[in-house]
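Structure record follows, encoded as structure tokens.
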Amino acid sequence: MTEDSFFHPVSGFDLPRFAGVPTFMRLPHVALDNPRLSEVQVGLIGAPWDGGTTNRPGPRHGPRQLRDYSTMIRAQNGVTGIRPFEMVRCADLGDVGPNPADVMDSLKRMESFYSKVRAAGIVPLTAGGDHLCTLPILRALAKDRPLGMIHFDSHTDLFHSYFGGTMYTHGTPFRRAIEEGLLDPARVTTIGIRGTAYDSEDRDFARAVGIRVIPIEEFHVRGVEDVMAEARDRAGAGDTYVSYDIDFVDPAFAPGTGTPEVGGPNSWQALQVAMGLRGVKIVGADLVEVSPPFDPSGGTAFLGVSIMFEMLCAIAEGLAGQEC
Amino acid sequence: MTEDSFFHPVSGFDLPRFAGVPTFMRLPHVALDNPRLSEVQVGLIGAPWDGGTTNRPGPRHGPRQLRDYSTMIRAQNGVTGIRPFEMVRCADLGDVGPNPADVMDSLKRMESFYSKVRAAGIVPLTAGGDHLCTLPILRALAKDRPLGMIHFDSHTDLFHSYFGGTMYTHGTPFRRAIEEGLLDPARVTTIGIRGTAYDSEDRDFARAVGIRVIPIEEFHVRGVEDVMAEARDRAGAGDTYVSYDIDFVDPAFAPGTGTPEVGGPNSWQALQVAMGLRGVKIVGADLVEVSPPFDPSGGTAFLGVSIMFEMLCAIAEGLAGQEC
Amino acid sequence: MTEDSFFHPVSGFDLPRFAGVPTFMRLPHVALDNPRLSEVQVGLIGAPWDGGTTNRPGPRHGPRQLRDYSTMIRAQNGVTGIRPFEMVRCADLGDVGPNPADVMDSLKRMESFYSKVRAAGIVPLTAGGDHLCTLPILRALAKDRPLGMIHFDSHTDLFHSYFGGTMYTHGTPFRRAIEEGLLDPARVTTIGIRGTAYDSEDRDFARAVGIRVIPIEEFHVRGVEDVMAEARDRAGAGDTYVSYDIDFVDPAFAPGTGTPEVGGPNSWQALQVAMGLRGVKIVGADLVEVSPPFDPSGGTAFLGVSIMFEMLCAIAEGLAGQEC
Amino acid sequence: MTEDSFFHPVSGFDLPRFAGVPTFMRLPHVALDNPRLSEVQVGLIGAPWDGGTTNRPGPRHGPRQLRDYSTMIRAQNGVTGIRPFEMVRCADLGDVGPNPADVMDSLKRMESFYSKVRAAGIVPLTAGGDHLCTLPILRALAKDRPLGMIHFDSHTDLFHSYFGGTMYTHGTPFRRAIEEGLLDPARVTTIGIRGTAYDSEDRDFARAVGIRVIPIEEFHVRGVEDVMAEARDRAGAGDTYVSYDIDFVDPAFAPGTGTPEVGGPNSWQALQVAMGLRGVKIVGADLVEVSPPFDPSGGTAFLGVSIMFEMLCAIAEGLAGQEC
Amino acid sequence: MTEDSFFHPVSGFDLPRFAGVPTFMRLPHVALDNPRLSEVQVGLIGAPWDGGTTNRPGPRHGPRQLRDYSTMIRAQNGVTGIRPFEMVRCADLGDVGPNPADVMDSLKRMESFYSKVRAAGIVPLTAGGDHLCTLPILRALAKDRPLGMIHFDSHTDLFHSYFGGTMYTHGTPFRRAIEEGLLDPARVTTIGIRGTAYDSEDRDFARAVGIRVIPIEEFHVRGVEDVMAEARDRAGAGDTYVSYDIDFVDPAFAPGTGTPEVGGPNSWQALQVAMGLRGVKIVGADLVEVSPPFDPSGGTAFLGVSIMFEMLCAIAEGLAGQEC
Amino acid sequence: MTEDSFFHPVSGFDLPRFAGVPTFMRLPHVALDNPRLSEVQVGLIGAPWDGGTTNRPGPRHGPRQLRDYSTMIRAQNGVTGIRPFEMVRCADLGDVGPNPADVMDSLKRMESFYSKVRAAGIVPLTAGGDHLCTLPILRALAKDRPLGMIHFDSHTDLFHSYFGGTMYTHGTPFRRAIEEGLLDPARVTTIGIRGTAYDSEDRDFARAVGIRVIPIEEFHVRGVEDVMAEARDRAGAGDTYVSYDIDFVDPAFAPGTGTPEVGGPNSWQALQVAMGLRGVKIVGADLVEVSPPFDPSGGTAFLGVSIMFEMLCAIAEGLAGQEC
């Protein structure tokens, strides 16, 4: 139980939710050089970068809009009643500083940041940023052993390369991660794939290495519970990463993203899959590809932080369980 | 049967729907001092006020946008085929004049207005305004006996107070109404509750006094028909108020509201619950919390007036039935 | 198999999807006077006209926005894996030139354009424009025998006239088509009807001539597969036209249209019904009523072209099957 | 002096400006069959029609948005201090009912409406609608003698025809008016012309018949006062019509219009030219081409009604002066 | 010279301007209980409150959007070359916590906050909030002697009361301030007044007590330099407050505000008047009435913070001069 | 005189301006491998790339939106009456294919494209893209001798590097161009500089090498004609490039850009400076930094193409003069 009020979010009963400097979920801002860093258990981090985007840019602005709308999140889960901020010490660790004009430099900066986070024993919950951001996070978190992964997305992000040989785009992170041994394909499940495709190269690769791809037509038939049971089963008891691309959700619910695909899950299903993470041993998670220029109204960001809150509850329950 | 064409809306076949001074559903504007007031059976009223809003304001602009989009409503129900404007005499009674800078004064003005409406024997169908508007309406309608209520919302609006003791906000109207004896908790059903919470104080109160709260996870499992059967059963044969907060609906369908919560019903379910009111003895109804600044496209307002039309049909059937 | 790369769309791997002059699905622009016209099997055509609109105008801007968003469509169907552009030779035939200030002149211009398309043996896939556009298309395609039709819409478009006798509006095309013998009512199915109505004159006519109308409440109960089986069965083996009004889809998914009706299908169902066209002998199809001024974000257009791609796949499979 | 409070607008001190059914400037709605019509001196009228639009439609929605924003207009002129509603009896006469799908029928409906207005001795102040609306107004007002005109616009609207012979579009009204003898070219001044052109046919015609065209480069050099002195001088003491196309103003100030041209006057100049109408004998005036779909924020409409208020002040001063 | 890098904003060369938790101008967040408060010379403060708004609400969201866009402000003045953050120690003091549902409580909370700021010897530069916010600020800053004021606005905000006696709205703050002796009318200049008016009661009061009102027509004729010379002259050498309502600027440049009036200054003039404050002894300043719901694009907020930066430069030069 | 109608734009009198596949100014699309390329004199080219953007991305979408709005440009200059498309043969050469995820590769692709354009003897008129695009264009055009340049911008783009050493961003192109000998500083004039600055390093460099910087405060005092006379004088008779960053214009007129600075020229001045290019020997020109995500309404794009048309007129007059 976290009794230290330093780590409790400001309540909307004390200060209206539209007021105050907007940190993630109104948590304290604890930079990496802050002496209280060592107390943090879960760190909310912004990765304001979209250098890997092949189509419509914008996710570099994601963390700011997500912070803004995260101030509408309150302290208690509506369904389970758990209060995560009282279970584990959470903080906003600020943003990773990217280099907007240099992809490779940005990858290094991110890996370095997350290595420090890991060294401090903090579980990172990241707000992207485009999906290439996940690669340097995995490099930091999976240095010593491959992780399992539950991956929500409308795209596999398993392509080999783009534009005649470019290896690092938001369509390739998990191809690289598999090649680098950061993920254990047998423990990886990718859910929600849909939309038109260039070809089947990505799915052929998935099949070859043993990644399980659950396309949307299967998802709609089987439903959330069945699909999540399979994903949890595959992830098993080992350390697992959760990567949630907001374009998993149908664009009517999440228009603010660069590569939408119609025909996706609704917002209740978007929350349900995150609720379905309970019991998974999560060592890190992200919510990526929120692109504010394509949704200035902020609905996408609010859905994004609502999903982040569900993921945080799953992490908090896991950590609190370990403590016992 | 209403044969007096004075009370028939202008047809889009005669005057295109984008033309003309926009009254609710193109009905005649009958102010409280109009001699024909005494003939009106159902009065559509705007409550352009949001002084009780704790987060994002805007519902004071709701009635105007709802009037605008209500001109796209035609004369006949698409499912049942009934033509409410020929069954009962309906009119636009105009707006209650609020005091934007004084909450208590506004509450008095509203109660006074609705007392006159009730005295004229008119069933009010209100377009809000924030949810605090429902309190003075109930004070006018429930002076002599407590009412039952069917309440659609993502929030219970049953909190005791905000900001260190403020008793009148859009998060407290039904707490006050229960305290003042305006509602009979045993006949009150609140449907759709979801989202993060400050704490459980509101639900504890509901449980203590006997209000039935149907949270969204239960709604999604049971479905509209089962839930509405329970709500109708609880309301019974007595006088009942219907209060419909547009944030009951998922924000993809109704983004124009101040305190959205993701994971809600879709637009078909939003209509279905209103269709499910048939048979309830409705003495008043409202559709509140439409906030145009958060949806200038008007989709929320159009959904709002579509719901109002369904509520109007239920009211008209009830009144027509009484007449027989 | 289409080996001629002239008819292959530009790949997003070669040229990013935001680059280049935007033709439909990045196909070659083959105007009616282009010598390669004779090779084209399926022609994508814009009908930038909304002179029949009775409420909110804008579909004249539809083709341009649809072309823009169609550049996000890739080469392969995500569910079936088929690659239509390699099965049949497709091209963008450009826009029909309308007369924005003269309805009757525009009808003539359109009929003349589609007569040429038909003479060239090309199956037209049209991007509207308002729904009156379908009338001159039918006049060109059904000169010699009535067609069957599968029609997705929230309105029947079967009214007799508007505004005191105006016969040609987007609410009357199929009334005219029946009167002119262009459609065989016994083979026509209209799916998704909902919303308030002026009266029942349109449905009475449908019943009288034998058009099957499946209203939304029936659609929601029976589901896509059952409904489409009936539509396919009614269309039979004969030549059939497919007309898809984007307002068939719920306005949360397709806000960019002039006469939305709430309570409609979601985007997955919107695709599913198009997938359900497989096996129908399609001689022409359209996607109409996309109105960019009411959705500058382009989500409606992207859904529209995603539906067009599904219709194209059904057409391609049919044509490829005939070739064998 | 108008002492009858019936004709006084509702004050924002009594009822907030966002409240109430929105009539023009919060004036009473007096339809043509209202017995008090005979008392009206200045009638504000909506012409919700855009059938003459050759490019981007939308002005049919103009009157409603202009009514909405006109409720922010108060009772007194900020510069001169005059209170027009106390000088002359003003009312909202409602909208002319157009036929959205028939240009010629709409022209007849409008001429008929304005003939009744003229017969009642009312000076019409019209909110368009596209610029073709001015033609039927002139037909009603100039039946017996040609009028002078002061015309603010970025286009001359003097073209002969469009699209191979279409005579009635919003680019031709004043060509028709000259041909029909409704305007006296020697008393017509057209101010603000700019933008690219198809050719010089319109300006050649102007020169030939003696219309004075003041292009924008001359306007910017000479300034408002000098230009308006010339226009007043040309109009002389005779009956004069004022036609104000909102695209006269630079699109940064008035984006909500279908055919903008950059490089125009700012909002202060937009008001100044209307102030410069003092002393002209105005028998009718209009503000046209406000197209809400291209400015949902309403800034264009608010500028439009601010200009209408200045025109109304000029009209009121003229009428009040005549009474003395 | 401020050598302590703690008070230097983060550079966009080090961390891109879209990254990081957004404080005002990327300054350190120093809450009132922070031990370093005593070092602060200029405090940037948010007043997220709009309880005094009589028309369109929204300024409660102003501080957050202003903080967001303030991260695009760099370290050095483009015209003068001065670097204010190196001249004086500046910090973001956070937001005053308002009570959204209680005007009088909010006034108390604000006065209390600013009393602490004053006690700490800090010059407050406030981002509103509606204009009523200025009253409690003046109560805190002018406790012991009346201040001079330079006031930019399109409204005088000198009305007595609204809605039948409501004394505290954003139309009355300076009437109250004069009555309470917080301002010395002889040293007050109000610049930019325009738009329609209810009546002349406000200007009559100004004249009676000796406030100088410079209406827009005078401003446009005389120009910025002449007007500001008069304002500086009237303010004299005494302590002076600067209150800048964003609706001083023309709505084409600042659409995001609740009560716009067309015909105002452009953005260069908007900056020039702030540059014209050099030499005035500023004891506090504010920029109020930025209403994000009416400009989600953020252009208004960016103009607002650009003006705040100019005011900050004037304050910094004054403070640095005093130190010498 | 260009009599070949192949190179004449489609007229809006023949085909409405909203119709047809949108090429630049409705010119023929002549790709680099088109046999008619050799006839082209002026080539309009899209550079859909923003890899050099340090703040808000989006200009990669510029060419498409500019093409869309360019269809509203007609054939004749409103002020001078010249008809450029009849003076020189113009065509849309399509887009340069960039690599969105690799800055250095994109620079190479662009230089290669423009080398071919130059080899074909075509004057390129480019629609950006961010300002780094100008560097590879200059590399292609200035291979053999340094060019003069007239540069409109609110930023000098003369910085050495960003983010700890990144040399290629949209803030550095002209620093690189000077270093590489592509520009002759003595013939370079940079007009419109304003806004806050990181430091003076860029202006110090300008001074050191002899670039003339005309800041906005000087521009506003001197006026367009005087400033442009100086710029023309400095450019002299030699080959000159024109680079026009849309953020030169005030953001009220051009909000759709990533790094706006308030206080800039209005739209008339924006056109006037382009008109002031008459007589300059222009070997290439660009209009860059239009960012559609920040102005979906398209006003910025329309201003952009209006400026491009003025630049085209200046180029056409120059080329036509040479021919004589």
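Chains: A, B, C, D, E and F, in written order; residue numbering restarts at 1 for each.
In this text, a residue touches a chain if its C-beta (ideal position, glycine included) is under 8 Å from a C-beta of that chain, and two chains touch if they have at least 3 such contacts.
Note that the structure is a prediction, hence the values are computed from the model and not measured.
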item: Matching chain pair for D-E (criterion: over half of the contact pairs shared, by residue number), options D-F, A-E or B-D; value: D-F
item: Same-residue or different-residue interface between chain B and chain C, half as cut-off; value: different
item: Centroid spacing, where centroids are CA-atom means, of chain A and chain B in whole angstrom; value: 39
item: Approximate Å spacing (C-alpha centroids) for the pair chain B, chain F; value: 56
item: Touching two or more other chains - residues of chain E; value: 14, 16, 18, 54-56, 60-61, 100, 162-164, 252, 266, 294, 297
item: Contacting chain pairs - touch in the sense defined above; value: A-B, A-C, A-E, A-F, B-C, B-D, B-E, C-D, C-F, D-E, D-F, E-F
item: Of chain D, residues touching chain F in the complex; value: 54-56, 162-164, 193-200, 215-217, 220, 250-252, 255, 259-264, 266, 294-295
item: Chain D - residues contacting chain E, complex; value: 11-14, 16-18, 72-79, 81, 252-253, 266-268, 270-271, 297, 299, 302-303, 306, 309
item: Chain B partner contacts - residues on chain D that touch it in the complex; value: 14-16, 18-23, 29, 46, 48, 60-61, 63-64, 67-68, 92, 94-98, 100, 296-297
item: Interface residues, chain E side, partner chain B - complex; value: 50-58, 60-61, 99-103, 105, 162-164, 166, 168-169, 293-294
